[in-house]
Amino acid sequence: MTFLTTPVSRRRLLAGTAAGAAAVSTFTPTRFAIGQTAKLKIGLMLPYSGTYASLGNNITDAFKLRLAEVGGKLGGREVEFVQLDDESAPPKGKDNAARLVTKDKVDVLVGTVHSGVAMGMAAVAREENVLLVVPNAGAGDITGKMCAPNIFRTSFSNWQPGYACGPAMMKDGKKNVVTMTWNYPAGHEQIGGFKESYTAAGGKVVKEILLDFPKVEFQTYLTEIAALKPDAVFVFFSGDGAVKFIKDYAGAGLKGKIPLYATGFLTDGVLQAVGNDAEGIRNTLHYADSLDNPVNKKFVAAFKAMTKRDADVFAVQGYDTCSLLATGLEAVKGDIKAGATLYSTMRNTIVDSPRGKFTFSASHNPVQDFYMREVRGGRDVVLGVAVKALADPAKGCTMV
Amino acid sequence: MSGFILETQNLSRHFGALMAVDDVTLSFERGLVHAVLGPNGAGKTTLINLLSGEILPSSGSIRFKDYDITSLPANEVSHLGIGRSFQKTNIFPNFTCFENCRLAAQSRMKGVFHFFKPALSYKRINELAEKGLEMCGLTKRRDTLAQAMSYGEQRQLEIGMMLATEPELLLLDEPLAGMGAEESLKVIELLRKLAKEHTLILIEHDMDAVFAVADRLAVMVNGRLLETGTVAEVRASKAVQEAYLGSDEEGH
Amino acid sequence: MDISYYLIQALNGIQYGFLLFLVASGLTLIFGIMGIINLAHGSFFMIGAYLCWWLTSLTGNLFLGILAGIPLAVALGLLIERFGIVHLYTRDHLYQVLFTYGLILIFGEMRSILWGNEVQSVQIPEILSAAIPLTDVQSYPVYRLFISLVCMALAAMLYLVVQRTRLGMTIRAGASNREMVQALGLDIAKLFAIVFALGAALAAFAGMVAAPVQSVFPGMGDEILIVSLVVVVVGGVGSIKGAFLGAMLIGLADTFGAVFLPHGAGTVIYTVMAIVLLWRPQGLFGRT
Amino acid sequence: MYVLSRPALVLLLMMAIGLGFYPLVGDSYYIRLLTKIMVLGLFAMSLDLLIGFTGLISLGHAAFFGVASYAVAWYIVKAGVTSLLLILPTAIGASAACALVIGWLSIRTAGIYFIMITLAFAQMLHAFFKDQKYWGGTDGFNFYDKPQLVFGDTVLLDLSNRLTLYYFTFAILVSAFVFLIVLLRSPFGRAIQGVKVNEGRMRAMGYNIRHLKLISFIIAGSLAGVAGFLEATRTAYVNPELMSWHMSGNVMIMVILGGMGTLYGPLLGALALTLLGDNISSMWDHWLLIMGAFVIAVVMFLPEGIAGLIEKTANRFKRKPPPKEETEP
């Protein structure tokens, strides 16, 4: 609705990656001959401006990296991208997604980072019965209340990384904590997951601090934490807010005095910017660029070669999104309208990801390992697996 | 019931350090024409503004008939039967003459919740408006936009609008201001006519006009009341001659 | 929670209040003297912050960045007044609102073209990056004290200029009576230009010193504009004294609102405003 | 005094016919877009009652739009109720109640104060809905059911059907337009127009200005509430941005661009701005630069808006100048 104050959709029609453009499809179409030989239109609705711009770009580039690796085609069809900047603005989520589907007539929706926007996309995907793959947004409802056969997520649910951290903190002997996050659903859910496992393990949450999203003026709250003196602090922040938080935490003199725990979004992709201030922060996530497996090593190197940037968890999720689509569409020979066959193939895919192999739950959310990491010497070092094959409870999902 | 329709008691109004109206006690007799005289800045318009409720006094009180109207706002004062016209033409320039008067008459309707019937379908209001137009002599200009009329006509309309509210007491702030001789005569005639049925209080610079219509005079200087009485009494007053009339006449 | 905790929070509130004052004082003067409602005032704060980030990264030093930024902000203010605002003096408030709203859009897009849409952070310079230990775990960052001191000095300077100089006299005269300025034979066009540029520079300066603690982000102008409008309403249009007390009141209300009413913090300042309005519709120091 | 001019009437009839028949030929994307335009048009029209007819420059009109939207969301998400007969009146009632309180406080002031205070109160509501977890916080709510009119076991009106919603919106828009025309001809309507032209004289003539302004404010707020109801129903989504000052600013631009004080102008404004946004935005990243310049250009060169332009042009083409037609009977 705020179509005036922030730019609405920015579309760029881009040809599919050049690889394979010359190759002529040889398979015999079984149904909808025209549909299958035509290009597959993928609507990439991601943030290309604002706080999450770098996340959107990493997801997009990794998706394209994977596409090139599988020969530039999905299920034998060439790919055409319609890219749209969602600006992480929830009010426009539905209108933009509807526009991609009804005006640009995309076959697959891919997006997005911001949970609020992704919820709008999920609603449109259900209404218009279009395949949606969510490469980041962790809102529980996407694979909970909103779950549908045509909605998949290759990232995580907000509940997961928080839940993974609780028992680990108890093991570290932190018996009471102050939590802090932005006052928005992603924040509530990540802290909620944490509280669930932490209090179950006997820990006590002394105070839950919420601040306006996306405000980064933390001073008042840091003053409060210093006065409360808990055993530890558990937070969820990401992107630029994370940079600011880590610096202010150190600036207020709390670093080294009250240990800081977080979900991995606090440190992923920001370590260079914060330097020494992040040392010692422990956090849980389903990926670390230092993971020692061949898929990851190859991916990290290829991503660096392609973009000159370091890979991060968001890039991995974009990469896996393409893998999932490739497997699914291969099975139905590019027939995007194949419905149940396509969706059940995707549901049963085992994705060989840089994060390690993972599967999907009945609600189409990844069942995956979560790692405990600690910042040492400017890198997230994996201390071990915090929880193995953690599945989201998928509250409210009718497919479970 | 006394013969006075309006009385002020030690009425004062100051703006910061400026005493615009200073301790004025005045009584206005029912049925007569009163004129308030005074040089520029004497506080005449402030007095009218106080009487009509446009501004609140700093101290003192005002009685209208049996009501204490000291702290009543202008709209409530109007409903008690005090109408006023303004020195600076104060009309609705982009409405027709009729609509100007009709809007004035409409103020006499009870309540504001008249949402659905067309405004023009209220007979009594239309009659009041027509009567106002007729009395100020603008019936033939009924459908002309107010802004398209001459200045003199606009001044007439100003009075017509006041009359459409059926007031008992009329407060007229320089009804002749800026008018030509011919137009002035017309208005003086109108004032005479009005005097038959209303009590008039007018502020005026035009001495001839004042002497022609007024029964009682009050002279103000620097916010204070200098003299009151009949025309003859005031003319004879030495103080007035020194302070105002004398100098004014020399000026002519 | 001992007394020192509340003192530190009060310090936080006052520091925010000083920033608000720098923005609100310009806003209130522009309202009071020029009769202009300038919604684009918050944009100067945002532009100041981006200028600071850009110039600091060019020069490598925050102080140099600010020093270079101030004349640019003044120039921008003069430019906008000469070529834009000057057309609004005789126009209805409605058109002033729209015009300056249009300016916000233009400023926002210019910022996007020149500097992008990313959130940027500005390094606190080495000499101000220390923290003063207050309790065993709590320290107060020196840079925040620095902001308060600088703003306090500016507020004092502004006060002296308004109270003691000829320009100040003209400004005060203009705020109470625009005709009087003309009657005194003063050059109203020059006065307006000076007031507008001064206001713009104050807001931009606030953005510059705030950049290291608030980060630099596209929406920062809107946010401060709304709060500054509340400050002006509370303090009374045209009153510098009102702007100062209003800023302190709102700064403290916002901080303690976050402390005592963590789930309703956003509405606290508006509640304060509503209460002031019920009591004095013209604001604390506004004229009736 | 408000008169619907002949060219305006012709234009409106053409628009009505066009809107009435478009779904028979149009594609689903534009049916959606037109629904949105009609909702925004209604919203802008309600603001025109304040700006164009009462002389109240409210920069917080989105508050009422948003509150009604949240009322819809509350019924569907929190109470599980989808009855149109329950939702619509409550949504309007909620907006009217907010307009009463905000209006009562703001109308004590005038000029710049009024603008700033209406803005601040809308921001207060914005902050409230953003802060409260119960109300969905920054992200608001998505919901999946839409209001229905059910009689016994038969569904008479199901607003989740795109075409039903389109025609429902259309019918409401037409009714609101007729209502406003009737209102503006009534004694009350004439009185508020008098207030806009000359408030002081109205007071001197005995009108209670505050009452007139407050009632006008409440009616405008309620109509914005109807638009808010439609918006929530249309998108099945509510969010604090619905009552942000950008929303208020945008709708004000629609009113001025279209032509204030004309009722149909705001509809044109909503149409022009939305189509402009829909088209330019996809061509250039920085289209808001054009938008900003455009808004400034309207202020400078087209203060009467599109409607003013239309009437001027239409008058020029008339055979002979009307003798006294511009005047009121």
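The letters A, B, C and D name the chains in turn, as written, and every chain counts its residues from 1.
Just so it is clear, a contact is a pair of C-beta atoms (placed from the backbone, for glycine too) under 8 Å apart; a residue touches a chain by one contact, two chains touch by 3 or more.
Predicted, not measured: the structure shown is a model, and the values here were computed from it.
Q: Any chains in contact with both chain C and chain D?
A: In this structure, the chains that contact chain D and also chain C are A.
Q: Starting at chain A, find the fewest moves between touching chains needed to arrive at chain B.
A: 2
Q: Select the chain whose centre, defined as the mean of its C-alpha atoms, is least distant from the mean of all protein C-alpha atoms.
A: Centre-most chain by C-alpha means: D.
Q: If you average the Cα atoms per chain, which one ends up farthest from chain A?
A: Most distant chain from chain A: B.
Q: Write down the chain pair with more C-beta contact pairs when A-D is set against A-C.
A: Result of the comparison of A-D and A-C: A-D.
Q: Rounded to a whole Å, what is the gap between the Cα centroids of chain A and chain C?
A: Measuring from centre to centre gives 38 Å for this pair.
Q: Provide the C-alpha centroid distance between chain B and chain C, rounded to the nearest whole angstrom.
A: Chain B and chain C have C-alpha centres separated by 49 Å.
Q: Averaged over CA atoms, how far is the centre of chain B from the centre of chain D? Could you give it in whole Å?
A: Centre separation, chain B to chain D: 42 Å.
Q: Show the residues in chain D shared as contacts by 2 or more other chains, in ascending order.
A: 130-131, 133, 246, 249, 253, 285-286, 288, 291 - these are the residues of chain D that touch more than one other chain.
Q: Counting only residues that touch at least 2 other chains, which ones in chain C make the list?
A: Within chain C, residues 105, 108, 112, 263, 265-266 contact more than one other chain.
Q: Following the definition at the start, I'd like every touching pair of chains, please.
A: Here the touching chain pairs work out to A-C, A-D, B-D, C-D.
Q: In the complex formed with chain A, which residues of chain C make contact?
A: It comes out as residues 1-2, 5, 8-9, 12, 16, 105, 108, 112, 117-119, 121, 124, 129, 131, 133, 135-139, 141, 144, 213-215, 217-218, 255, 258-259, 262-263, 265-266.
Q: Which chain B residues qualify as touching chain D in the complex?
A: Of all residues in chain B, those touching chain D are 52, 54, 73-76, 78-79, 84, 86, 90-96, 98-99, 102-104, 106-109, 112-120, 122, 125, 143-145, 161, 165.
Q: For chain D, which residues are in contact with chain B within the complex?
A: 1, 182-183, 185-191, 194, 197-198, 200-209, 211-212, 215, 324, 326-329
Q: Help me check something: in the complex, which residues belonging to chain A touch chain D?
A: On the chain A side, the touching residues are 1-11, 85, 89-91, 93-95, 98-99, 102-103, 115-116, 119-120, 122-123, 126, 141, 146, 182-185, 188, 212-213.
Q: Show which residues of chain C lie in contact with chain D when the two form their complex.
A: 31, 35, 37, 84, 87, 91, 93-95, 97-99, 101-106, 108-110, 112-113, 222, 226, 229-230, 232-233, 237, 263-267, 270-271, 273-274, 277-278, 281-283
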